[in-house]
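Reading through the structure tokens given below for one structure.
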Amino acid sequence: MGMTLAQKVLAQTSGKPTVLPGEIVDAYPDLVMSHLASWRSIRQLEQVGVDRLYDLNRIAVVLDHRSPARTPEDAGHHQLIREFVKRHGIPVYYDVHEGIAHLVLMERGHVLPGMLILGTDSHSTIYGALGAFGTGVGFTEVTSVWLTGCVWMKVPESVRVVITGRFPPAVFGKDLMLALIGQLTANGCTYKSVEFTGDLVANLSISERMTFCNLAMELGAKCAFVPADAVTEAYLAGRAKRPYELLRPDPDAPYARQVTVDASALTPMVSCPHQVDNAKPITAVQGTRIHQAFLGSCANAKYEDLEVAAGILKGRRVHPDVRLIVTPGSREIYLQAMRSGALQTLVEAGAMLTNPGCGACAGDGGSLGDGEVCLSTANRNFLGRMGSRTSQIYLSSPATLAASAIKGVIADPREFLA
Amino acid sequence: MSALRVRGRCWKVGDNIPTDAIVATANLFKPYEEMARHVLASVHPEFVLGVKPGDVLVAGRHFACSSGRAVAPKALRATGIGVVVAESFARTFYRNAHEIGLPILECPGITEQVREGDELDVDVEAGLVRNLTLGQTIQAVPPPPFLRGMLKAGGLHAYLELHGGEFVS
Amino acid sequence: MEPRVKGRVILFGDNINTDVIIHARHLRTIDPAELAEHAFEVLGDEYPQKLRQFDILVAGENFGCGSAREQAASCLVGAGLKAVVASSFARTFFRNAINTGLPIVECPPVRGAVQEGEEVEIDFARGTVTTPKGTFTFPGLPPSVMEILAVGGLVPYLKRKFATAGAPPPRAG
Amino acid sequence: MAPGDVVVAEVDTVIFHDLSLYLTGRTFEQEVKGQRILHPERVVIVFDHFFAPATEEGARILQANREFARRHGLPHLFDSGTGNCHYTAIQHGFIRPGAVVVGSDSHTPVHGGLGAFATGIGNNSIAALTLPYGTAWFRVPPTIKLLLQGSLARGVTARDVAQYLVGRLGEDWAGYKAIEYAGDLLPRLDVEERLLFPLMCIDMDAKAGYIEPDEAVAAYIRQRTAQSFELVRNDPDAVYESVQTFDVEEVEPQVACPPTVGHVKPVTAVAGEPIQYAEVGGTPGGRLGDLRRLARVLDGRRVHPDVRLQVVPVTREVFRQALDEGIIAVLHDAGANIFPASSGSNQSTNMGALTAGQAMISTHTRNFPGRNGSPEARIFLASTYTVAASALKGRIADPREFLE
């Protein structure tokens, strides 16, 4: 029997010809990403008392969650990390000005099809947008992999999501994922690998593929993939740090489940407080008053996302009772949006533009007061995540966000993008 | 003894103490009692531990410079001190202290003539500081009549209430 | 890790996420005891204290979903919890629990069989959870994972490993 | 009226930032009870410290401020991201020659550079007197005239001269006094550069700083407001306590070193001091001129890898203009990080905290221990050029080598 992508990557990285779902393997990840949590991994390393790292070239450190330092503690943690990186000569290191770790590592060609990548961030599933197996781990596990190079992994079963049709106007990858999470629930793919396929996916931009694989985490997935193809190759041209192969699943690979989604039947979606799977069509929540709109996070602060929002906001003004915070995902995105004029448009419309990074999504700026409501393009709306425990977070696409920022209430973007 | 006559133990700090050291930004939005627990902690950690109501804070030149921060005199008052005597005050603090009714007295030469722990008797109206431990009297600059009136009333707001929103000379 | 644990149960529902277990603002430390002072705080200021009065946390589906933050597991250790029983776990929480030495049991019937404050007993060797409404079995964890849990987590495990082996293993082919 | 008299003056503009409004609002509602705000339209509120609050406390403060403004019908609230409070007030036409401007930010005297009488007064003063009665009390200060003569040497800006004066004259030199700046240097500077003098008069403890407004100021104001104003000229027989002349030709780039603003040295005396953070922002930095100067030094170069360079435009308009001029691209390419228009790292309310042993060089105004995080961190203050050069070198550096 053939193998799914998850099986192939784990077989390859554990030195086996084949692996089966359920089997536990000792795999050697190609890359271990740690963000601000790195300081904790460094402290654990001191606990273990060993300082010789397995392979410096498989380590990536990116400071994104609290950038720049907000407190002396943050500043101290950053300093500890910088010193560690320097002392060991870790070559893949990006400081606080670069942006969200996931996006930076993909843009700079560190993420390639077929790689096994661990990250101290649950949304490491996003690496599947380039055909890599990305999954989140805790900081102690990072310490362990720094030292041993190795991690135990249970080979996951796979779920195939076949997407057909085309998006109607004002419907995007985010809407599809919110609908899918609503349908399958937050527990729908726990411990599983999700493979996206179908006509729509074949032509989908890497940006939208990132949104797919990122949000798959909110299904509980261990990893998610859009199998690498010509679109992947085009993205990696000029970026890839080394040669790679286009790893694809075997035609007879075993899937625990197949789900088919007809994109043409979708409408703009909003996830309501306090769970991502509490997803509803825009028509069910439109008119809900918002105080803050956050265009940011690894889910939807990519260049295309900024362009979509700017397209709607062009020549219009953010509602006076709304704060629109725009946090581009990375420096590359920031610069691209600057050169295209999208940033100018957003600033003219009244947005507050912050430095690239995780920003408000990770509680770093844009905190909410009691009873305040935020519409966000991020991937989580859990109770209290962005501030007060009486605040509320709704999630949507950048288009819905832009329309809502103009109206001051959750609004249907189709009015602007018919 | 009126509020403008204070007798207590002397606590000393140096020149150019910024308002940041009186109330750090991190404590700016705390209740005054909470602020009072950290007053001057970075320059004189024993002060908040030992200060008693009616004690006298003696400072060098340019006391309470840096940010305007009108909570600084309020936090000082919340520690219980009765008066601040300094070689000189930063302008905004000078204003702010009078406006909230915290007695302060400008007294050039004071730091040379008192030691930490000395017993002081301060007469703000008369502009006199008596060092009871050393048996010396030091002449200070009494506040001008306008500010004395404000101090006696208990601050600007109390003054305006007393005089129906008018300034009387 | 003790072969058997027994104690009073604190009950939670489905999809308890890591933002609820320990908010990002408290991730300034990795000390389990300090973290425990803020566990479940978002549900109410009384929660960190309340948690300490119980021994075993029982929850429904998808416990620990959300971030990969390891403190979601270690704060429970700091609060003195001896084990977590859930109908299912989010995978990052599952790994983090093992790595911080917090025993976890996946046993769906338990959630419906206990009330908060009741006593249950977990026998890890036999793979059973005994509740007032009966005894339920659960599949054991793989031996490689049990090895980590048995010594109290990944740091002690690594310490031991390097003390005996001396150097990292050879690189994979 | 004569120096020493107490006068009560009608206030034209009251400036609040988020911190001062919160404290003043609390005093107004809890201590000065039952009063209404006499002139809501004269109140300018700018959220510039907690520009994107990282804490719930910050969010609550902004929320309380928004509610205060709504409750009292204050129409001019500029929410997070608009800019630094003083430049936002200027940008939106609230400052005019001859106006009386107060605020509880100590740098309110900056507006004296546009011919206003402007000074910092306490929250209590504003809560008890200015809000309910529309006035403020002042003791008429004696005035000192400082004549600044000559042209600036290469790599030297108004900032350096203003800082040099603080170092030379002392931190309490002008206590309770006003300083009028004059001399042939001023007409050679653009209007925003001149503002550095009254801005930094506070570092000599002056009550106010003033520059007699000229046509350049009038043109600058006209770009920002349609309201009429008069260019108030000094009385020919104005009495000064003293007149002092400084020749600025010899002034070198200056750095204010820890622990106080008066600890000023020529850059050559501190060059080589390692730094981890550099910031161009705050009331004396982050103006369009600063961003241009910064870009001039950084163009085609890279910030030192050990340094985080933070750039904070003073207003949204400045940022927009800098985008158009390609400045932001130059700064980004050099490795700088750009932040929303705000007060940036001032007091590290929203960013810019330092841990023990770290050092920052910035265009901000204060360097007291503990101002930005740990009391064991060190803060150096300098001109945009010096901050730029230092960011490139990773150490405090003389900017003149980059400005051939």
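Letters A, B, C and D name the chains as they come in the text, with residue numbers starting at 1 for each one.
Note that in this section contacts are C-beta pairs under 8 Å (C-beta built on N, C-alpha and C of every residue); 3 or more make two chains touch, one makes a residue touch a chain.
Predicted model, so just to flag it, every value in this text is computed and none were measured.
Between the Cα centres of chain A and chain C there is a gap of 26 Å.
Chain A and chain B have centres, each the mean of its CA atoms, that are 56 Å apart.
For this pair, chain A with chain D, the centres built from the Cα atoms lie 40 Å apart. Distance between chain centres (mean CA atoms), chain C to chain D: 53 Å. Counting only residues that touch two or more partner chains, chain C has 25.
Across the assembly, chain D contributes 55-56, 348 as residues in contact with two or more other chains. Listed for chain A are residues 71, 73, 363, each touching two or more other chains.
The touch graph of these protein chains is an open line.
Chain pairs that touch, as defined above: A-C, A-D, B-D. Within the complex formed with chain D, the residues of chain A that make contact are 66-76, 79, 82, 95-97, 323, 325, 331, 334-335, 338-339, 343-344, 347-348, 351-356, 359-360, 363-370, 372, 387-388.
Interface residues of chain A, counted against chain C in their complex, comprise 13-15, 24, 27-28, 37, 40, 43-44, 47-50, 52, 54-55, 65, 71, 73, 119-122, 124, 135-141, 143-144, 147-150, 152, 154, 186-187, 190-191, 220, 222, 275, 277, 362-363, 380, 382-385, 389. On the side of chain B, the complex with chain D involves touching residues 16, 18, 20-21, 24-25, 28-29, 42, 61-62, 65-68, 70-71, 88-92, 94-96, 99-100, 144, 146, 155-157, 160, 165, 167, 169. Contacts from chain D toward chain B in the complex involve residues 4, 6, 8, 19-20, 22-23, 27, 31-32, 57, 61, 104-106, 120-125, 127-129, 132-133, 137, 139, 171-172, 175-176, 205-207, 260, 262, 347-349, 366, 368-371, 375.
Remark: chain D residues 51-56, 58-60, 62-64, 79-81, 276-277, 306, 308-310, 316, 319-320, 323-324, 328-329, 332-333, 335-340, 348, 350-356, 358, 373-374, 377 touch chain A in the complex.
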